[in-house]
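One structure coming up, written as structure tokens, with questions to follow.
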Amino acid sequence: MLAHLPILQVIVPLLAAPFCLILRRALLVWLFALIVSGSAFLISITLLQQVLASGTISYDLGGWSPPWGIEYRIDKLSAYLLLIISAISTVVLLAARISIQKEIPADRHTLFYILYLLSLAGMLGIIATGDIFNVFVFLEISSLSAYSLIALGKDRRALWASYQYLIMGTIGATFILISIGLMYQMTGTLNMEDLSRRLPEVAQTRTLFAAFAFFIVGVCLKLAMFPLHLWLPNAYSYAPSIVTAFLAATATKVAIYLLIRFTFSVFGISFSFTALPLQTIFLLLGLLGIFVASTAAIYQENVKHLFAYSSIAQIGYMIVGYSIGTTTGLMATLLHLFNHALMKSALFLALGAVIYRIGSAQLSAFQGLGRQMPFTMAAIVVGGLSLIGVPLTVGFVSKWYLILATIENGWWPVAVLILLGSLLAIVYVWRIVETAYFKEPAASIGQVKEAPLAFLVPVWVLVAANIYFGIDTRLSIQVAQAASQSLFGVAP
Amino acid sequence: MKDLFAVVMLSGIYSLLTASFFVAMDAVDVAFTEASVGAGIFTLLMLTTITMTGRYERAARHKPTLALAVVLATGGLLIYGTLDMPYFGDPQAAAHLHVAPRYIHDSMQEIGVPNIVTSVLASYRAFDTLGEVVVIFTAGIGVLALLSVARRPEDDAEINSVNDSMHEQHLILRIVTKILIPFILLFALYVQFHGDFGPGGGFQAGMIFTAAIILYAMLFGLSTARRVISQPLIRLLTAIGVLIFGGVGVVSLLNGGNFLDYNVLSDDPVAGQHLGILLI
Amino acid sequence: MSLSLESMLQLCIILPLLTTAGIVATGRHPNLREGVTITASLVILYFVINLYNGLNQGESISVQWWQLLPGLQLSFTIEPLGMIFALIASFLWLITTVYSIGYMRSHKEKNQTRFYAFFAIAIGSVMGIAFAGNLFTLFIFYEVLTLSTYPLVTHAGTEKAKKGGRIYLGILLSTSIVFFLLAIVSTWFVAGTLDFKPGGVFGPMVNTAVAGVILVLFIFGIGKAAIMPFHRWLPAAMVAPTPVSALLHAVAVVKAGVFTVLKVCVFIFGIDLLRILPTTQALLYLAGATVLIASLVAMRQDNLKARLAYSTVSQLGYVTIGALLASSSGVIGSSMHIAMHAFGKITLFFCAGAILVAAHKSKISEMRGLGRQMPITMAAFFIASLSIIGVPPAGGTWSKWFLLVGTLETQQWILMAVLMISSLLNIAYLLPIPFHAFFSGKQPSSGSVAIKEAPLPSLIALCTTTVACVFLFVYPQPLYELATAILEIPEIAHGK
Amino acid sequence: MILGLYNYWIVIVLMMIGFYIMIAHGNLIKKIIGLNIFQTSVFIFYITIGKVDGGTAPILADGITRYSNPLPHVLILTAIVVGIATTALALALAVRIKEVYGSVEESEIQEKDNQKC
């Protein structure tokens, strides 16, 4: 069975989804989904070990060898992301049952879990596959389920947000499709490995240049990179809390993965970083994103909105790390990928707990919560500190490497700007802290109880992970380093 | 054009034209699909939606300059990209030289099905097809999740009344359709089982099948349609459809091969049913 | 007890955290809770004294924890400078705890459990700073200290406290994240290590321009040292309850700042390199300006705590000057001044708190004639003032003396003048307070005034520190030995 | 040269028409139609890639040696299905939006949201 793990990774949640329909009882479905997600997590651990021990795993679907058939290809980078996504999904799912009770009508609970599993399967599929058209198909699976999940939000604005996301997302996907078509036209293959061998032959053509440009724009739409981020804040804010926690931690990560995978493994670094002034553009946009989104976050009255904007800013950090174009820079991006997933899922899940109790994510509703929901608020504080990048949290680790990477390149002003950007994080995190701890609760809300244990456990698992990986960084750093080195080493 | 009905009809015609273009380009399978999906299902879905959301568009108050600029930039980039493309129809183009020849030359021995498209679809790139089925499934679940709660009784009544009023206007259409539907269904079955040899196959068949159902629903009211095909049944069928496809893979997995490694063509007979779910 | 010195070192850092847990657990029973606090502080003091003895016997004590990032370890080493800091902090923690029991209870403050809990974390991080074996460890505890003191500063929870807390956290976190972290990463990149090494880590080949820039980053980044223009947090933090101001802002936080400056100067740059860096001179003048300006501002403050706060800013400038002078006397003076000023200033803050509790007065102009009502407090205030000013019979004499010698050695005449003028200014803003308290003000209209001192625990605490001020004048020997030992290490290292 | 590429250019014009409708129009249904046109033109583009001069439909038969490239056809079969799925979901959303907002015009929806805030 071990040899089949790559496909099992994707197919287990994929097939479990329709199976849920047969189970029907929401409780059963929840348990089942949990088991499925958990086993995906276990599989990803095993895969990571295999990859670290024996190098890249290639798996031919249907027994057809690539490039004729579709290949699944797990290298260090993809194993790393598989692990992140399945882990987050499992933990978030723990809290799902209780959270959706108040946010989604009971008759749609089963459907919710199905969509959740499909979304998970889609993302895993994108990461595991080694075929660019397959990427598109799975991208659509994950996107379509994400649109539906967002539309399940209670607020009617969720529908509108979902629609906007759908339009933007589809434009992005179609752009990627165009890019795939152009690449196929020039090389006659769809396999990534094969492409990377054949693309250099046609590297000087304008067609490939167009393909590259389309791919970058398409993926940046999915990535919500500034200035193509407009769909994200609303989509995150009005989606059910669980969905937000899950998507915020995973969806944009997958897009970053695609960006890295295509630019490094498919187009090759030498092409990617010379065809367009990509470094400069990304650096500028990344920095702008950090500042604009962080500033926007400061002025938000809704905490979900606030963290959504903060997500855009954090994507900016990843883009900056990517644009540095060195091993350390990429490593910083990968670390931040991991770390940001931990932070944001913890934060949004804790927000979910707050919404569960007080039914609102407005900042004004947070007054006095520090005393009434001490554990939840403490989780938000730790998550916030991690966002700022305080030592002993994960946020610090990635910030450290990001700065180190910029200084290695002699980009002092960038380093200063990055640090200044994190000052903005202090401001928006502290707005929450002050409201929660130093304001008397509004009289209208009355007595609020601490969130139920079903919430606290997953939230604190994530918070503990935030601290643990901030203290014991061996795993994340080792893998991130290995992945980024192999990306630089393998690519021509 | 402010009348959405006309717009929809035009886009249907556009799809049909596209389909015929596909035939000209030797892509008969695709043409089949485009005709049934683009011209058939899409139009039907659009019409259903328009009956619910209103037929006329308000005057746009947008300033299209920015959009125009974006579009022009994109188009410019694409045209720029075309400059280095191989010429249209050039048999020496890279796309025809690398992977495709194997499909053309060896698929008969390896798969045993004359229709290369089918063999590629169902075997070489079967996983894509599984993905596609799941996409449909996802969309189906999504639509279900969105619309099932919305269907409060009074809504139902309202929509039905809208539908009913429309139906009465199209009495002739109704009768014609009634006669047509059995033929459509028969045709679907034909396409299904001849997929191996002629163009078409399970999916297109399903599409046609669904088109028939949607047509039925359109003209006889949703409630009637629902009576004919019960909702849980379709749900179950959908789930089973996906499971069968995946199940084939799993079975081959258990037998020691790689996932989806089957040498016998096993198309997905119920894939089309997934669209059926869109009705509900 | 048969604990090894190594485990004592670790316990010094861990125990306060355990204490926090204990405090939270016993939060419902004030007596028990304060018992826990006092016991913990006694134990820590005992450990530190043991470590001190160990150090005196020439043992090298260091502990390695795990690697946080590859190549960056959490490690702790004991060396004389850190020892001075640890001794002061642990001793004064005990005293302050005693004091705050009296203060907090008679003031009926809310959230006392939270207060003691964060207090303990803060002390733990101070110990971490004092014993840090490399810059990275130091930085981590530096940040923990900032965060754990934030709830203490905003303890009152009022709008004003929040505003003060915002400035406090804003400046400290900003400077540390933007400048300090940048400086650390650059050091790591340039030197390849962050370990504290006698004689510095940069080696002889380093580009002085780069190192000069890094030095500037360090000096600005260590916002706790309150070098202008990043001193605003200190007066802002005076909204905290008096024991907090006393311990944290006269001792722990600010001293952590100047301690870090000293440590960076001596063990990262090394005084030899420091002397030739292009930016040192400019920073010296900046520190000098801080000393003078802060003294001048202090004179204009009517709020006693605000005046003391600006006085602290000015005194911190002394320490920074001493560190940047890059001479042996300068370093000795600085390290001794850390201790001397700590005792002097904490006494002054204790007095301010006692006056607030007993007489409910915080404005200097209202304190005329208070000496008759609170003679002990005012006497203590007088002696502590002498120590800050630097006149016998108080400990401050010695440290100021060495600082002056340091300026002489390096022929920094301007700075020498600055130090002299500033001392005169000290006289001008500190001495009038006890003077007016005893000798002016209107005579009480109705017979004799009842003596109304602060609560007994507070009084004991402030007497102890006053005695310590005098004691350090009479017997500065151990401190002096420790201070000279700091420099002996680099000399030995150079000899090798 | 121009002749060799004209087919692509027509496709691009179509594509851009669809794209323009998508981003410039305020009516949700129109947007979806635009989306459809956009996607269909991409399909045409793929099929164009697959065409080989003198080739026939890729169904094996005796006596024919030159076939058009079947791979793009396969891809497009998949893509069409994906496209219709997206459309269906978008339409469902539009229906729901109409139900709760009473409109499918972008500007009106935004107005209503702003009022509520």
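Each chain carries a letter (A, B, C and D) given by its place in the written order, and its residues are counted from 1.
What we mean here is this: a contact is a pair of C-beta atoms (placed from the backbone, for glycine too) under 8 Å apart; a residue touches a chain by one contact, two chains touch by 3 or more.
It should be emphasised that the depicted structure is a prediction, and the values quoted were computed from it without experimental measurement.
> Taking the mean of each chain's Cα atoms, which chain ends up nearest the overall Cα mean?
Chain A is the most central one.
> Looking at C-alpha means, what's the farthest chain from chain C?
B
> Between chain B and chain C, what is the gap in Å from one C-alpha centre to the other?
75
> Can you compute the centre-to-centre distance for chain A and chain C, using the mean CA position of each chain? Integer Å is fine.
Their C-alpha centroids are separated by 44 Å.
> Taking each chain's centre as the mean of its CA atoms, how far is chain C from chain D in angstrom?
Those two chain centres are 69 Å apart.
> At what distance in angstrom does the C-alpha mean of chain B lie from that of chain A?
Chain A and chain B have C-alpha centres separated by 31 Å.
> Return the residues of chain A touching two or more other chains; collapse runs of consecutive numbers into ranges.
Only 133, 137, 140, 144, 147-148, 151, 178, 184-185, 190 qualify.
> Which parts of chain D, given as residue numbers and ranges, touch two or more other chains?
15, 19, 23, 28, 49, 71-72, 75, 78, 82, 85-86, 89, 93-94, 96
> Among the chains present, which pairs are found to touch?
All touching pairs, sorted by chain label, are A-B, A-C, A-D, B-D.
> In their complex, what parts of chain B are in touch with chain A?
My answer: residues 77-78, 80-86, 93-100, 102-103, 123-128, 130-132, 134-135, 137-139, 141-146, 148-149, 235-236, 238-243, 246-247, 249-250, 253, 257-262.
> Which positions of chain D touch chain B when the two form their complex?
That would be residues 4-9, 12-13, 15-16, 19-20, 23-30, 32-33, 36-37, 40, 43-44, 47-61, 66-78, 80-82, 84-89, 91-96, 98-99, 104-105, 107-108 of chain D.
> Show me the residue ranges of chain A that touch chain C in the complex, using the header's touch definition.
385, 388-392, 397, 399-400, 403-404, 407-408, 415-416, 419-420, 422-423, 426, 430, 434, 437-438, 471-474, 477
> Note which residues of chain B are touching chain D in the complex, please.
For chain B paired with chain D, touching residues are 4, 7-8, 11, 14-15, 18, 21-22, 25-30, 33-34, 37-38, 41-42, 45-46, 48-50, 52-54, 57-58, 60-62, 64, 67-68, 70-72, 74-75, 78-79, 82-83, 85, 87-91, 93, 95-96, 99-100, 103-104, 107-108, 114-117, 120-121, 125, 128-129, 131-132, 135-136, 138-140, 142-143, 146-147, 150, 155, 197-199, 203, 275, 278.
> Which of the residues in chain C come into contact with chain A in the complex?
Per the touch definition, chain C meets chain A at residues 66-70, 139-140, 143-144, 147, 151, 154, 157, 161-162, 166, 169-170, 173-174, 177-178, 181-182, 185-186, 188-189.
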